[in-house]
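Below you'll find a set of structures to go through.
Okay, so subunit A shows up in both of these, paired with subunit B first and subunit C after.
On to the complex of A and B.
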């Protein structure tokens, strides 16, 4: 019985990994060879709508000024742009910096949060109560948007089906160390290929929580953000598609961000993302897979999108199952040329599928010398797998014990200053 | 013959050691080029984002003025000077220029006043602070004028032109990558283009459509409940629909009908004679505006966009974008306030 279950689990894991491999390949080829879907970046608008930019901040003293300066330098008509900086229980000099900006610039408003709950979702909900405009953009404090970025992002809302928009994130502190260089490559693959391909195929491009925005009235109708959510962006993505709206990914709406510079910080970030994302998986997988407003490819993609932070623990469980069966002498299909062929095939095309995706992104970006670092991505895989798995375990604990996650802030360096 | 001594852990034959060594080399070798790159760091800058850039249909012209204006100011009278320190490239600075037919300029021309050449003239780059007149069959690479410009028939623009005032192109011209004017951009028939910008861009004589543009109204931002989700949709002639329409197939707006919101269709969108859409039109298929049809918002067509005689896009006070992922086709008397982008080329009939 145990052997049969382990065998069954192993087959399911292999099937799942094969599906993701195929997905990576289709996305990569589509980005290079197939027609790219129309973007709304070129919408020319002399009378753009009034909008609000929300910048949630918790201990962002190192980066707050650079972010606000960048937003104030936007070419978006000043009388139609309100910047709301949300001070979420900061204990550093963030509050003083924000007050200084609010005094000097009437367009900058400060919302201070003192309540018992801390976290981005809660901060956004409270700030949204004070927003009048229908279109709301969100930037994290370590982002420095260019002059034309806001206009590029809001252009997506010319489409009446669009509920949210997402731009591209580009690491600014790439040159700091090996980790930042590798993270820069990961980001390229994730946005330049993965997000764009999902948009091309009319699947589920993800609202990433920053360098993006949404229709306020839609969010209100959807009940706002879950105040305790650690992945409020993924949750909003699920809600928007479930309600029959679309998300536009605009690859030309690029913005610099800071990526973690220490492995510890990156571990915490991935763990938090995994914990939050897997909570959303638990809450929305069934609803999305059965959502009548979604097409069949969209339903499949919704499952694959929500499962992506569950894949490493599933894969690790597959390895453990295979090892157990091997030690028991009950590994199925042991030996044989077909197995050897499949293993070699998967090693060549399966394990490396995400790496090919990153390589394609770098070629599209014209950054080809950094491709020399590609093999290091493969060796980064165990690190990512373990940090995501710990987040998955946290999420399972959250669900079983009905407890709420705690927001672990990513450490900032403040390069843009 | 004694029994073989059992091997202790770590005892390996030379062949085994060689195999392990080769394996380790195979595993570690791919890391070597990356290790060198990590040490030397030749490609560790962040990907370039031009944070000062803001999308502007007239960006090229404004950029040229900013670059060449100072060159013109540094020299007085007529002169030939090295151009921006480039080797073997010169700029001809003049107070103004009038020429007969078949003028030829290999240098960059910077004119403080009027610049006029006759038929069959050819130029590279021209920046004139005065009016520009180019005769028929002219050829040029780029041109910026701070006043108005008039180009004869069959003009060939290799890259772009940008004019601060009004601009006219004769029949059969090829407008290169971009032609933009802060004022009116009037183009003749049989003109090929990729990007046009003007207030308005009009084909030949579009007074009829321009008169309608006076009466445009602002487009309202709609709430989540103001959408009608349909498959195919036909709006009856003369009726009024005050919602956004999202269709999984085609949409047909009947004669004299009015749509208060935007239209999004997975198929084609056809707007019949005298019908009006106050919002935007977005379609995966062709978008066709019949004679005297009006769209006050943007048009984004993932295939062709066709404007029949008297069709109007945009508003005098609110220029918009007409974007065709394939071709744009403009009939005589059609009129667009704003930016026309035809990714695979456009044509006036």
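On to the complex of A and C.
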């Protein structure tokens, strides 16, 4: 009985992973060979709308100035661009830096938050109360947007059915160490291939919480962000699609960010993402899969998107099932060549799926020698699996105990080094 | 993407990465369709002809130089093999308990230090497997796989992996415009590396078991084995992708504007 259950679980895990593998392959294939879908360009050349850029900050002294300087030098008409820097209970010199910018630049407004709740979702909710414009863009403080980025991003809103837009994230500290190089490759695969392919297929491109924006009135209509959300971006994505709106992914809208430079920092970041994402999974999976406004492929993609941070713990559970079967001497290899072949093929190909997605993205980006780092992506595999699994466990604890998550800040290093 | 320049010179305008995609050709599809059956056939022929001799050679080397002093013959999918069988040192109940205690202590130290790098997590993962294997042995009193059964499992897995290589090669090669040379090199590298590494793994694991005994079986089979497989698969692929990327970065007709 136990052996049969373990075997069944193993088969189910391999089946789930095979679905993701197939998805990776189809996405990659579509990005390389199929027609690419692109959003509007130059739609607001003559009369761009008034917009507000929100920059939530908590202890961002190392990067705040660079981000604000980049926003202030944007090509967007100054009289139509308001920058709201949200100081979310910083204890470093962020407040002083923001005050200096507000004094020197009338376009920069500072919202200071003092309260029991800390976190991006709460900061955005409070800041949004003071926003007049309908289109709101959000940048994290470690991002340095290029001069034309805002103009590129807002083009998507010319379509009245578009609720949010998302641009491409490109690390600027790639050359710092091995971790930053590998993260740069991961980002490349995630945006150049994965997001673009989801947009190509009219599936669910994700609003990523930064280098993007949304319609304020839509967010108000949807009840704002959950103040305690750790993945307010995934939550908004789910809400927008559930309400029948669209999200545009604009691959041309590139923005530069600082990726974590230490493994410790990366671990915390992944753990927080996983915790927040899995809470959204719990709250929205059923609603999205049954949303009448979504097509069948969109419903399938919504499940796969929301489940992506639950996959590592599922994979680890499958691996533990394999270990138990091995210790019992009942590994399914004895059960049949076909099943054994499938498991072995999955081991060779399934584990490799993210790698060829990254490789294809890097080829499209013009990379050559750095592709030799591809094998090191596998070096990150157990690290990613474990950090995501701890976040998953946190999320399960949150749900069972009805507790709220704590926002673990990602450490910044800053440009001036 | 060449256009006439100011003084009649050709000016090359390469599309920005956001605006470009790659052309697919009929040759590419043909290569994809042909490679799979031909590749699998070739892999099987190589296995059928070379694997029996190579595995016998490795076994004879081990028999001459290490305490690995027995061997067994296998015939899996009509492919003959001679596999070394190590003489595993006996592991008593007390030994298993000592290993479990040592693993638990190291895991606690690792947990207290809270160092979370890939290497540390990789070591801790192995310690967890070793701990579970030791506890299993402690309660059951014996291991599920004796040395011949384990080596047989290892050898059959290796044969299956080599047969998987052409499928892998075809599936990944379909995603980028590899030329015939790159496809062939990837295929040969995959089969060659797979073949060589499989033999090396059988020999290395036999020696390892010979020294560390039955408790290390799970680590070898579920941690080191897949790790070795994936690394050389990706290595072969990445070398060919670098070649492709260098080639197409100079070749304008490959790129297509969106």
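We take it that the second predicted complex is superposed on the first by the 401 of 417 C-alpha atoms of A that agree within 3 Å, B and C clash if a C-alpha of one lies under 4 Å from a C-alpha of the other, contacts with A are read in each partner's own complex, and residues count from 1 in each chain.
What we mean here is this: a residue touches a chain if its C-beta (ideal position, glycine included) is under 8 Å from a C-beta of that chain, and two chains touch if they have at least 3 such contacts.
Just so you know, these numbers come straight off a predicted model, no measurement behind them.
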- Query: Which of the two partners, first being subunit B and second being subunit C, lies in contact with A:217: first, second, both, or neither?
  - Reply: first
- Message: Looking at A:329 after the superposition, I want to know if it touches subunit B, subunit C, both of them or none. Which is it: first, second, both, neither?
- Response: second
- Message: Contact-wise, after the overlay, does A:374 reach subunit B, subunit C, both or neither (first, second, both, neither)?
- Response: both
- Contacts of A:290 with subunit B and subunit C, given as first, second, both or neither: neither
- Task: Would you check which partner chain A:386 touches, where first means subunit B only, second means subunit C only, and both and neither mean what they say?
- Result: second
- Query: If you stack the two complexes on chain A, which partner ends up touching A:33: first (subunit B), second (subunit C), both, or neither?
  - Reply: second
- Message: Is A:130 touching anything from subunit B or subunit C once the two structures are fitted on A? First, second, both or neither.
- Response: neither
- Task: Please write out, lowest number first, the residues of subunit A touched by both subunit B and subunit C across the two complexes.
- Result: 38, 254, 365, 367-369, 372-375, 379
- Query: How about subunit A: which of its residues touch subunit C in the complex?
  - Reply: 25, 28-29, 31-34, 36, 38, 168, 192, 251-252, 254, 263-264, 267, 319, 322-323, 326-331, 333, 337, 340-341, 344-345, 347-349, 351-352, 355-356, 359-360, 362-369, 371-375, 377-380, 382-383, 386-387
- Message: If we count contacts the way the header does, which residues on subunit B are in touch with subunit A in the complex?
- Response: 30-31, 33-34, 36-38, 41-47, 49-55, 57, 197, 218, 221-225, 227, 229, 244-246, 261-264, 279-280, 282, 297-298, 300, 302, 317-321, 323, 325, 338-339, 341
- Could you pull out which subunit A residues touch subunit B in their complex? 37-38, 40-47, 49, 70, 75, 134-135, 144-148, 151-152, 158-161, 163, 170-175, 178, 181, 184, 188, 215, 217-218, 221, 243-245, 254-256, 365, 367-370, 372-376, 379
- In their complex, what parts of subunit C are in touch with subunit A? 16-22, 24, 77, 115-118, 121-122, 125, 129, 132-133, 136, 144-145, 149, 153, 156-157, 160-161, 163-165, 167-168, 171-172, 174-176, 217-218, 221-222, 226-227, 229-231, 233-235, 237-239, 241-242, 244-246, 248-249, 258
